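In the two complexes that follow, subunit A is the common piece, with subunit B as its partner first and subunit C second.
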Partner chain A sequence: MGDAVIEVKDLSFRYNKSEEKAVLSSLSFTVNKGEWIAIVGPNGSGKSTLANLLCGLLKPDQGTIYIKGKPLNDETIWEIREKMGVIFQNPDHQFIGTTVQDDVAFSLENMNLPYEEMQRRVDRALRQVGMAEYREKDPSYLSGGQKRRVSIAGILAMEPEIIIFDEAFTMLDPKSRRELFSLLKEMQASGQLTMVSITHDMEEAALADRIIVLNKGKISRIGTPGEVFPETTELLAPFSERLRRLLIQKGRRLPDKYMTETELIEWLWKYNFTT
Partner chain B sequence: MNYLLLGRYIPVTSILHKLDPRTKLISAVLFIILIVNVNNGAAFLALWGIAFLVMYISRIPPRVYFRGIKPILWFIILTAILQMLFTTGTKTFFQWRMITISDYGIERGLFIFFRFTLITLLSIAVTLTTKPIDLTDGLSFLLKPFQYLKVPVNELSITLAIAFRFIPNLLDETQKVMDAQRIRGNEFGVGSPLQQMKALVPVFLPIFASTLQRSEELANVMDVRGFRADQKRSSFRQLQWKKMDTLSLCIVIVFIIWIRWLNIHFN
Partner chain C sequence: MVMEIQFHNVTADYKTGPLKKTRALNDVTLSIPSGDMIAIVGQTGAGKSSLLKTMNGLLLPAEGFVAIGGMKIHHQTDKLTLKRVRKKVGMVLQFPESQLFAENVEKDICFGPLNYGVPLAEARKLARKTLQLVGLSADILSKSPFSLSGGEKRRVAIAGILALEPEILVLDEPGVGLDPEGKEEIFQLLTKLNREKGMTILFVTHDMNEVARYAENVIVMQNGRVIFYGKKHDLFLNQELIQMMHLDLPDALRFQRLFEKKIGKPLPKICLTEEELADVLIEAGYA
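Coming up: the complex of A and B.
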């Protein structure tokens, strides 16, 4: 195990403090440096609440979240936010700047960075997400996927260590979603970035290193996609897994383990070839 | 929905567009103070000349300017007519009870009309040639001294900037809601004024609700992205004062002195 970047200990939360029923009850898990974790679960499982707790928009009733060893509280929150980026669901509602570059610079302005430094970072972040030629454009000119890229650039410009995606790709069309997933893979490749994606899109979850399955405010399963998908029935599995199960139902003999889309294609192609 | 945005920024290339927003704001304020204090025909003639010059160098067709005046034209005309009807002068052309039309009254009415139209034209010239965001930056720079009087200038300017940013979204949303209502058989712009107002209720409610929702999301985003109202922030947008701005301001001051002179000399 590497060093833990996010450590959640015994976390509980209720929206209605007078009620017994908790949205999250004694959650504990750790996320290691450079790891990509997906938190999945059905509606009402407490995923989004967990996201809001992780970025300090809500305060836990019980338990502590440690970010790089520091407990998340009123004193540390601003320091932690300089190292942590969050991307929410609606790209339109989080576009604060009037132009692409203004939006990317927003966090940097808040960090009170000098002008030259901001120019340098904005430039690099926009090139990283492939939006450099749009820097003067205003948001109404951009597509959903492009706005999403801009919000990612806004986070990358902060040079963060943690990025949290809260249903960040649900409002996009499949094509731009796939393009963004490969961008995320690239971002993760450096090994410096820890990513948490909160999602109900299993294609997105399948890309993560580990998956945490939430159910009714509790962790019901934790493991790699290969471990979680075949044994979990409460989730809508990714397309490749559903196809694999269907083929097994039809009496075909397939390996008894989770396969990524490429693995499955590879396997099916051979399957056709021999029979 | 575009007619709602009279006097909105029009992106063409002109000297006026390239000027620093501060230059344009200062000039506009100086001219407005001048216009309020001018009271003879020669000076007004010169001011009209300047107004047309400004329109010409802005490279924006005059009809755009006049469309900008239209909504308040009736108000201006009414004010001018009232001045004309109730001012007594040395020569009276017509009198009936309280109503008098005199030489002085006509002059006053005409001058009021000129004042309002000139002020509107010059203000529109500023908004047509300056992006809202630059205008905000310029304003917040010029209002900086008021910080010492505990006026939260920085907060005000970021509020204004965000408001400008979301105007197009709001208009889009209004259009969508109106379309959705139209599909359900709601008609807009027909019937008595009361009926027309009633037709708008189901439009405003959803927009109001979604705006509240949006502002909450936006507040969360700003929070998470590290925005703190009481902290010092640096600024990514930099205003650049160029030689052209100094020169333009000098020309404006020369014009103002000239018109002041005309105003005194021909009285």
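Coming up: the complex of A and C.
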């Protein structure tokens, strides 16, 4: 415990420095090694700004981000970026290679790896995301979801310690999305990879160890899915929570706590025997 | 005016190299009646976006033709006809807000109508009217589109298309990247356009909950072909097709199937929304 990989202390940020209104104000939180954190909140809550600050694309007005104990600044950024992969909303903006495999290899070229090692990593990453058969294709002609997989492969090949997903799965079809979630779960199981998902997808957030709810640039809630979901608005609640609330609304007596789908199914099934 | 959309053996491809072509649509024959609200689904690369593009003449058929309200789109359709088609068929691309460019919302919305020769005063009236239609207040007309929230930006971008007064609106993943509230606003707008203005609406989505909640009918595509076109309940009832197409289920039905597995028998009817499911669970005595 307490092995903090990301420590955010008193972080504030404004795009327009002459304006009073801060996009993020005095955020503090910690992400431990091997933990998966989901950051949720409505559009304009400051989620993507936080992602940009975490990977050093923006500089805080106030406060510090520590990555593995080191403050993130101009001196440490290159060293830190070797450990940290970021996947943004739109994969088109990150393509460079003329073939899928070159694009995945590009991220490794700065790392001075031997050729065989590069090949091994590119192979594995493409297989992990299910794009091995597209390795010779031009990435710009892939569909939206396929592009997203290639950009994830590029990050996986770097074997980072931290991955930040900024709405990274929104474009994928549900099946590939679920496959990637289980891949992430597997990667996380090693205990080596720390992940931060910035997302609107509550099914994705439900998989995380903890959820941070941002609202108007402030943390309105931090906790496990079980702690956070019962307090969210209708639109932000995952399916099992919405169904539970709806049944209560229709006059039924259900437990007054968040239940995962499995728990709710179990409960409904047992209820049938008691009546 | 009745604006049926007819695909007659349409094949289309993208030239991906000097010689190489990627087949995007493969012998599509389809007839879409006026006023339908259709979700287009299928795996990535199935041809969903290409189907939209051929309706708007952004992608021309290599073989066959698309007929829309007396106009024909084929591989040699002249530019004037295409311009007429594009006025009737408004196309909203993925992340349409990335195409906002003008210094204020009014100029951005007026850009389309002005290009079609609408006088400035009239274009401005249209801008006001469409802004109201998408549920935004007129006082943002003078604002920079870049100062708006994600959901607002997308609605301004859609207003820019609606200002051309199309009769058919095709949208490529209109909800993607928005928060649940923003998404809800967009789909309520589409529902309103469909019900009140009788506009034919086709939208591409990967989210079966959007299909369950907002579509009337569904088109399922695979490898450039239309595999299914029919009522959403009929699609979700067809387990074989769902499996073959690797389609997801709406949350309510996915939950229902897990529950049925647990209790070892089916519930009396299939549910596509949590409202339907809650009622069926109560009726059947499970809650």
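Of note:
Criterion: the second predicted complex is superposed on the first by the 260 of 275 C-alpha atoms of A that agree within 3 Å, B and C clash if a C-alpha of one lies under 4 Å from a C-alpha of the other, contacts with A are read in each partner's own complex, and residues count from 1 in each chain.
The definition used in the following text is that a residue touches a chain if its C-beta (ideal position, glycine included) is under 8 Å from a C-beta of that chain, and two chains touch if they have at least 3 such contacts.
What you see is a predicted model, and the numbers here were worked out from it, not measured in a lab.
When the shared chain is aligned, no partner comes close enough to touch A:Y15: not subunit B, not subunit C.
Of the two partner chains placed by the overlay, only subunit C lies in contact with A:Q146; subunit B stays clear of it. Shared-chain residue A:P174: touches subunit C; no touch with subunit B.
In the superposed model, A:D102 makes contact with subunit B only, not with subunit C. Applying the stated contact rule after C-alpha superposition, one finds that A:H200 touches subunit C and leaves subunit B untouched. In the superposition on chain A, the residues of subunit A touched by subunit B in one structure and by subunit C in the other are 90. Across the complex, subunit A meets subunit B through its residues 52, 55-57, 78, 81-82, 85-86, 88, 90, 92-99, 101-102, 105-115, 118, 122, 139-140, 154. Those residues of subunit B that touch subunit A in the shared complex are 131-133, 161-162, 164-165, 168-169, 214, 217-218, 220-228, 231-238. Those residues of subunit C that touch subunit A in the complex are listed here as 14, 16, 22, 43-45, 49, 94-95, 149-151, 173, 176-182, 184, 206-208, 246, 248, 251-252, 255, 258-259, 262-263, 274-275, 277-279, 281-282, 285-287. Residues 41-44, 89-90, 138, 141-146, 167, 170-176, 200, 235-236, 239-240, 242-243, 246-247, 250, 252, 254, 261, 264-266, 268-269, 271-272, 275 of subunit A are the ones touching subunit C in the complex.
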